[in-house]
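What follows is a pair of complexes built around chain A, which joins chain B in one and chain C in the other.
What follows is the complex of A and B.
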């Protein structure tokens, strides 16, 4: 428990003034604009949109600036802003098969219809610091080629045709909403995972690869690109394209031995994340798959990544940081009572009383 | 090139183009036309959110993915034509322009507007997509099999 403490207003005011000055840094160096952050630190912006659960790149860029680059702080700002917005309605579920793919790879099929498209990837770079970036900011234009107008069907679709992989049968049931209802398992799994902390998801996913819940995943497909979002407009009576957003979708293909009721077939893990968020997306797909053990009739191996309560209750960076950081706020009364108790116990045990600490 | 004189837009198409146009773009195209407009608000611009949904496994049951900011407004022209503006992001001026154009497109002004607005927005959208698709195409992998001992 913490109680309100009077005093300290001036100290707080001055601390915030200093924060502002530190945020600005050396005034001899040009200030960074939110537009520069949006354009040049776009992956940080994407992460803030994904975990802030609000797609607005200008707002995310501004939040990053305000938070001095502390992304969890920026996500916190976005979540707080989000709660002030009236909800105009839900979208029609996005159709990722019609994504304008900028990157699309499959680790399971080399010759995949639509092709393997690398996109603007860090893969195959040599991870050497590029000192040229410090010298000038100009980039030569990227080479182009004529795009072939062809469909890019989901890879799991081919496996479905042979019945080799579990299907995801369509439904139109309205999903529950984590922002309005308490966290329920497993209904809110995908919503909770898509906005979960990237580091937490990565750690959980890695644990499954190291043997805690053996799900042995391949990236069946990873695709990144723009998707149009349609929304029904009540006063019009039809849907319009209300937004265009970049999404990262991952589908893993996982081993499955089959059970008494099901013939052996591959199972799948699924991820869909705001922005170009590849690491987060693959992590989400692995964790999604591990959490589905019960539904697939697998054994509970007692692995942390199989424990929905554990994973989904601790995956949110804002909930976690809120609870973690509150312990640094004044707890004087709590602490005083603990202090009293400890002294009493020590007296009862016959410890020699000494000069007591200043209170 | 498309024969632009033949393009007929339905309301869904022009509203969709307006919703995702770049900030200030529709206004920059509308203003030079100097179409006199007199309107009253039915709903002043308001910023809200749309909850974007995905489907589990890409095809399965819907789930809530996260929200996006959206601005909307509604207005009525002097001749009683109602226009609705819905745009992505926090953009009250753009929502107003969208609602004005939505209303005007339902009047005889549509003839003047079509080649100067929806046509332009559509070709810009196509060009934007084509540019990125061309860069993506250049990163498509061409596999070839090497003879044993090569490489």
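What follows is the complex of A and C.
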């Protein structure tokens, strides 16, 4: 006998209590603190800040803990928190030429003013599992050197002097805010890309490298480091420093054959991402460049990475994961209507009716 | 019990004002999809974020709120949304259709007719009725502006040519006051004729950042040809309350394939049973 089920509410409460236990894991093992996550899993924290569009490493670390290490879940927590915060206004554009670079490399020039600085990179580590970390995890102190000079000029600036690369003229206009305006086309490309899912951006960028709208890219410069954020306070009449944040900036130098309207010149792809987010940043620069085909008068090759509506409508991990996972919600009603339709179509087609089960 | 740290019904007043503007614009142009700056809600996209934002912008502290999912008040996501609104707005909730001022729904219209005092808010996954025929938003917006709906007629015609029926059993496209083609959200075809009603109907699509609306008594016509629209349902009465006029869910009752049909609108079914109606499978 069928009785309608009541008790969804209790099922939900019990499920969440169990989730709490699973999150804690074996109580014999010490609980991890958000501070430990912030300090020791900092790249996860950076990704959560970048895709969460909120620069707060303590909050991001707590979200990672709450999400049991599921970074998209943690990004979701941050986004849902961020949406409740008031928007105060735009900052002064950050000056990345004055970044305190902890890493800064150029793949286009062997020597550049300001120098090549490897910084704390995984590159050239040999990727052998380090069993020493399981034993104690302590790191011997690294050698130190004098800090790089205050201002490190951009590599693309050197190309600019010869007119070899397209100009990116500065603007003082306060840009619209993608988190306060609906995504409409033409879209706020860079804002959408900087908070896009790392995996999605990587896949899109990779597709351009494999020939789907290839724009052969050189990493003109990749720089990671701290910049100060300043804001004009109308009551004061001048800008004050409100934060220091770590950013990853990538500028690619791309081939460009020239078009009917423009002489042959290098073009650029640009990326600016919260935190130390190297893979994401390079991916973003490649996708940025591929999406600019129309503005540069290139041909539409029909490649996915050239299709702004396709890329920008599907790049957000929180939108994507929500809609993907909603298909596990009840769909009894729509499914029932499909069932009835299918039976009707089969009857009409004269399908031999099977033995009808008792109702 | 309201969470002190958050504003009434979670959203801040600026956001509510932005949403109310979109709702008013939607009511002024019935069936037109108004872009709005959908906020990230503390529930996943695709789970009713649009409906919740419209509800939050519509509710006042005196209102009584009802949430249904698939017609039922007690499905997990309906429970979750109801609790969220209880927690952030501290308002009264109900499962009684007739007692509710604002009803948020996913995939059903209640069986009991709604009144002029009520507002029905739909959760919408894909607001664009043309989306699966033309994936580009830039193109579908042009098609709406030119009233260019031939593609949809061709699709429905091809269904008939191929199957002898229109193979769209839910989310059946409708024309609003002879102008905009509108997605009624994935309600079954059975519910489509109910859309001409006394209550205000609001549609919220959070992930897709669209709001649209139907003022009371707006003419809503299912897109069809000369043969009449068929609001189909399972050809049975409800096993519990015996209703002949309600949309039914099919419930599998054991592993030999036995099944029964029960009202998908749980409040309608309970109200009928309280009034003494019995179906053939009622205990």
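In this section, the second predicted complex is superposed on the first by the 338 of 359 C-alpha atoms of A that agree within 3 Å, B and C clash if a C-alpha of one lies under 4 Å from a C-alpha of the other, contacts with A are read in each partner's own complex, and residues count from 1 in each chain.
We adopt the following convention: contacts are C-beta pairs under 8 Å (C-beta built on N, C-alpha and C of every residue); 3 or more make two chains touch, one makes a residue touch a chain.
It should be emphasised that the depicted structure is a prediction, and the values quoted were computed from it without experimental measurement.
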TODO: Tell me which partner A:284 touches in the superposition: chain B (first), chain C (second), both or neither.
DONE: neither
TODO: Mind working out whether A:338 is in touch with chain B, chain C, both or neither, as first, second, both or neither?
DONE: second
TODO: Considering only the touch criterion stated at the top, classify A:116 as touching first (chain B), second (chain C), both, or neither.
DONE: first
Task: Contact breadth on chain A, by residue count: chain C or chain B - done: B
Open item on the list: By the touch definition at the top of the document, which applies to A:71: first (chain B), second (chain C), both, or neither?
Closed with: neither
Task: Which of chain B and chain C A:86 touches, first, second, both or neither - done: both
TODO: Check whether A:231 is in contact with chain B, with chain C, with both or with neither, and answer first, second, both or neither.
DONE: first
Open item on the list: Based on the A-chain superposition described above, do chain B and chain C contact any of the same residues on chain A, and if so which?
Closed with: 82, 86, 179
TODO: Spell out the residues on chain C that touch chain A in their complex, using ranges where they run on.
DONE: 6, 10, 12, 14, 35-42, 44-47, 49, 69-72, 74-80, 83, 106-108, 125, 136-138, 163-165, 167, 169-171, 186-190, 207, 209, 232-234, 236, 239-240, 247-251, 253, 256-262, 264, 266, 269, 281, 283
Task: Interface residues, chain A side, partner chain B - complex - done: 49-50, 53-56, 58-59, 82, 85-94, 96-97, 100-103, 110-111, 115-121, 142-148, 154, 156, 167-179, 188, 190-191, 194-195, 225-226, 228-229, 231, 233, 235-236, 238-245, 247, 249, 251, 268, 270, 272, 274
Open item on the list: For a test of understanding, state which residues of chain B touch chain A in their complex under the given definition.
Closed with: 11-12, 15-16, 19-20, 46-70, 72, 74, 84, 86, 88-90, 129-141, 143
Task: Residue ranges of chain A touching chain C (in the complex, touch as defined) - done: 1-9, 11-12, 76, 79-80, 82-84, 86, 179-185, 309, 313, 318-319, 321-326, 329-334, 336-341, 344-345, 348, 357-359
